[in-house]
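Okay, got some structures for you below.
Heads up, the next two complexes both have chain A, just with different partners, chain B and then chain C.
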Partner chain A sequence: MTYPQPDSNLALIEGFNFFRLNSELVSPGDIFESTQSSYAICVGPDSDIANYGCAYFDTQAPDNVQLLTFSPQRGFSGLIPALAGQYAPSGRPGKTLFWSNDLFDPAYVPSAGIGAGGSIERVQPIFDVIQYFTEEPSITPQRTDKVFFYQQIPIDIVSAGTSYVIIPFYGRKSASIRFANVGNGSLAFGVLGVNYYAVTLGKAVETVIHASALVAANAQVFVPVTFAANGAFDAIVCSVGLLTGGTYTAGDFPLTITVSDQE
Partner chain B sequence: MKAPPPSLRRMPPPHVSPMTQRQAQILKAPPNKIDPVQMDRNVAQAHAPRTTQGDLRTDAFTYFTKADITDRLYNGDRLWARVLLTLESAGPVAVGTRATITPVLSGQGQLLTTGQTREFIIGKGTVLYIASTTVNRVSVTIEPIAWAEQITGLITALLTGAPVSK
Partner chain C sequence: MPPAASLIVAAEKSFTNIYPIWAGGGATLATKLNLFWQQLIKAPDVFPETNINNHPISNWCTLIAAVTDQISSALVVSFGQFATAQQYVYRVCYVGNSLHTANLITLAQTNALLAAYNAAFT
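So, the complex of A and B:
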């Protein structure tokens, strides 16, 4: 998370009627806090995370901590009072806590390996939660579609390493992946769907969506990904490299990935 | 014997009616801080409230509560006042006239509701306290009611039979 994390009290003092936690997720254990009461909690528009966890002070819950989950399909509406100073068991001020219920592994490396000269372009998931201080007539937790555009992915033309682009795909329903080879050589392009392990860092369950294959010069590949056809993934991995028979001379090879909550 | 002139005649003693028990109680009662009521409509009924110019000015500001701190929002040591409070955040914020209104949810004070203006008429000598468990934004308007003390004092004097000057 960004440090220091945003201060909910400052948001109030500066005149906002909401507090927004908008930060890159850095580690799987990132937890954010708020000391403000809220009338509604929902997923922010720029979120990559689909499922969020929330804990608040409740004397009727075990250990005085009540938990709830909210997502783009289900926000939470209701007054959660900030009962700072009343958290008796620990003697610490009560706070509302937020975290990602979706797994994230910043150490994940595709099992095929990078190879000498390869690289990983890892897009950190955006953690985006909005906490409203006043009653809202309606909340719209749906996330906006996102477009990841790369004009060129750095590849190693000597040692035949593979370069990867890893983008978050939590809860998304579809993706449109388009890879074009505007150069004179032929490059290999493949797409994986990834589900991170809960415990073991660095590894993940990989599903081949589009097997790595050569893309001839001035040709392009379009790979659609849907929840119905391919399933749900934590991330999508695009690989670009030189397979046997591949060549690289010069030119661009743009990669465009559009992810959406709609099928 | 020649009668003395009328100017030298001894005047009979004035007739003094016996004091009623009610009048005696009034005379023994401590003096009212409100001046006696004049029955003459051409005479001012009461003195104007002793104020400075600042006391009569309406005060509007935003108050930010502090976590676990009870603060004096209005100290009615001079004038009566009409205090309007609007909570602009989610709370919880308690206000009350008792010095101890915490814990905030204990019922010792009244909880403000977000977006709803709450009105308090604060009499002289009354203090309005505010407390919260976190930082909150409260819109405050204090409107002095300059004559409220005199008016209520006069009404009280009339109802209780306090001395009435002629």
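So, the complex of A and C:
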């Protein structure tokens, strides 16, 4: 998408019994709307975001603004009628609004720096919310496991910069990370957990999950991440670069990251 | 506080700029927040509802207006109310920058958003 966003009225006219907002987040300020009634609201299967904010029109709430939070653990069932009222004191139409409560910093750069020839492969978080127009026997807000597979991490074998892959991890309970060095030399591989905060653009709180260490030729490293052992993160950062004693050579460097809502 | 030179800087500095206002008292915070959103969607209406590209800004302003109204009537303005208002300001500045970058709002609208921020919070 991100903007202009899909039209909830069109979804209804075309015969869908739901309206889906499914978009890459561009900024932490992305906010979306629906003008239709809903019988249920839940997190969509492809969502990377775990905590959503929602505002809907309710004459019994202060300023007609009723707020709710929904997540993979808790959707919302119940009729929210599309009323022709206005929010106070702004006087704007009483649309249902959706946004990500989780923060996202599109400018984040790992504090260790990239260096000449390095790169950042940033996976934008997916905003996925479903609003049902009909009563549903049940809603299953749990997110699907996701596999981020890269056949090759781009590595500059001349200038020895660091290459990063940043994937969203909001509310996930576990990750399985596997990096292979199918080359002739040794490379350093590390994993960070990152939490964004709404102050300084480009900076985030970093936690070392797997300290950068050499992976020998034709070897692989497996890094498990769990909520219980490592904590909760907004993103996982994998780094591939040169460490003392390492040598860049041409070769293949596949990386597979599987994230799940299950431990 | 020096005026923010861009919406990104405005977003970054939203906590630094708004915290002292909250610490100075809830009534002052409500006055400043009202000044901010009313410059954008009340008079003049810089982000009219007729253009869908304006909606991200006006939707955040709607939420800012509501929390401001609750702040203005609160006996004690909690840190949570302040943090909610500050995050809404952070987000509206950020999305304003994104919309401008994507040519979905005009430079005049972008400048109006920044001017409203600077008038209210710096």
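The rule is simple: the second predicted complex is superposed on the first by the 254 of 263 C-alpha atoms of A that agree within 3 Å, B and C clash if a C-alpha of one lies under 4 Å from a C-alpha of the other, contacts with A are read in each partner's own complex, and residues count from 1 in each chain.
Rule of thumb we're sticking to: a contact is a pair of C-beta atoms (placed from the backbone, for glycine too) under 8 Å apart; a residue touches a chain by one contact, two chains touch by 3 or more.
Every value quoted in this text rests on a predicted model; they were computed, and no experiment measured them.
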Side-by-side fit of chain B and chain C on chain A, or clash: fit
First, second, both or neither for A:Ala228, with chain B first and chain C second: neither
First, second, both or neither for A:Ile13, with chain B first and chain C second: first
Touching partner for A:Ala55 - first (chain B), second (chain C), both, neither: second
Touching partner for A:Ser38 - first (chain B), second (chain C), both, neither: first
Contacts of A:Val26 with chain B and chain C, given as first, second, both or neither: second
Which of chain B and chain C A:Leu201 touches, first, second, both or neither: second
Superposition-derived angle with apex at the Cα centre of chain A and sides reaching chain B and chain C, degrees in steps of 10: 70
Partner chain(s) touched by A:Ala84 [first = chain B, second = chain C, both, neither]: first
Which of chain B and chain C A:Phe133 touches, first, second, both or neither: first
Residue contacts with chain A in the superposition, chain B compared against chain C: C
Minimum Cα separation, chain C to chain B, after superposition on A (Å): 14
Touching both chain C and chain B, counted on chain A across the two superposed complexes: 93
Chain A to chain B touching residues, read off their complex: 9, 12-13, 17, 35-39, 79, 81-86, 93, 132-135
Complex contact set, residues of chain B against chain A: 64, 67-68, 88-92, 103, 105, 114-115, 133-137
Chain C contact footprint on chain A (complex, rising order): 2-5, 26-31, 33, 55, 62-65, 87-93, 95, 97, 99, 198-201
Chain C to chain A touching residues, read off their complex: 8, 11-12, 14-16, 37, 41-42, 49, 52-53, 55-56, 58-63, 65-66, 69-70, 87, 90-99, 102, 104
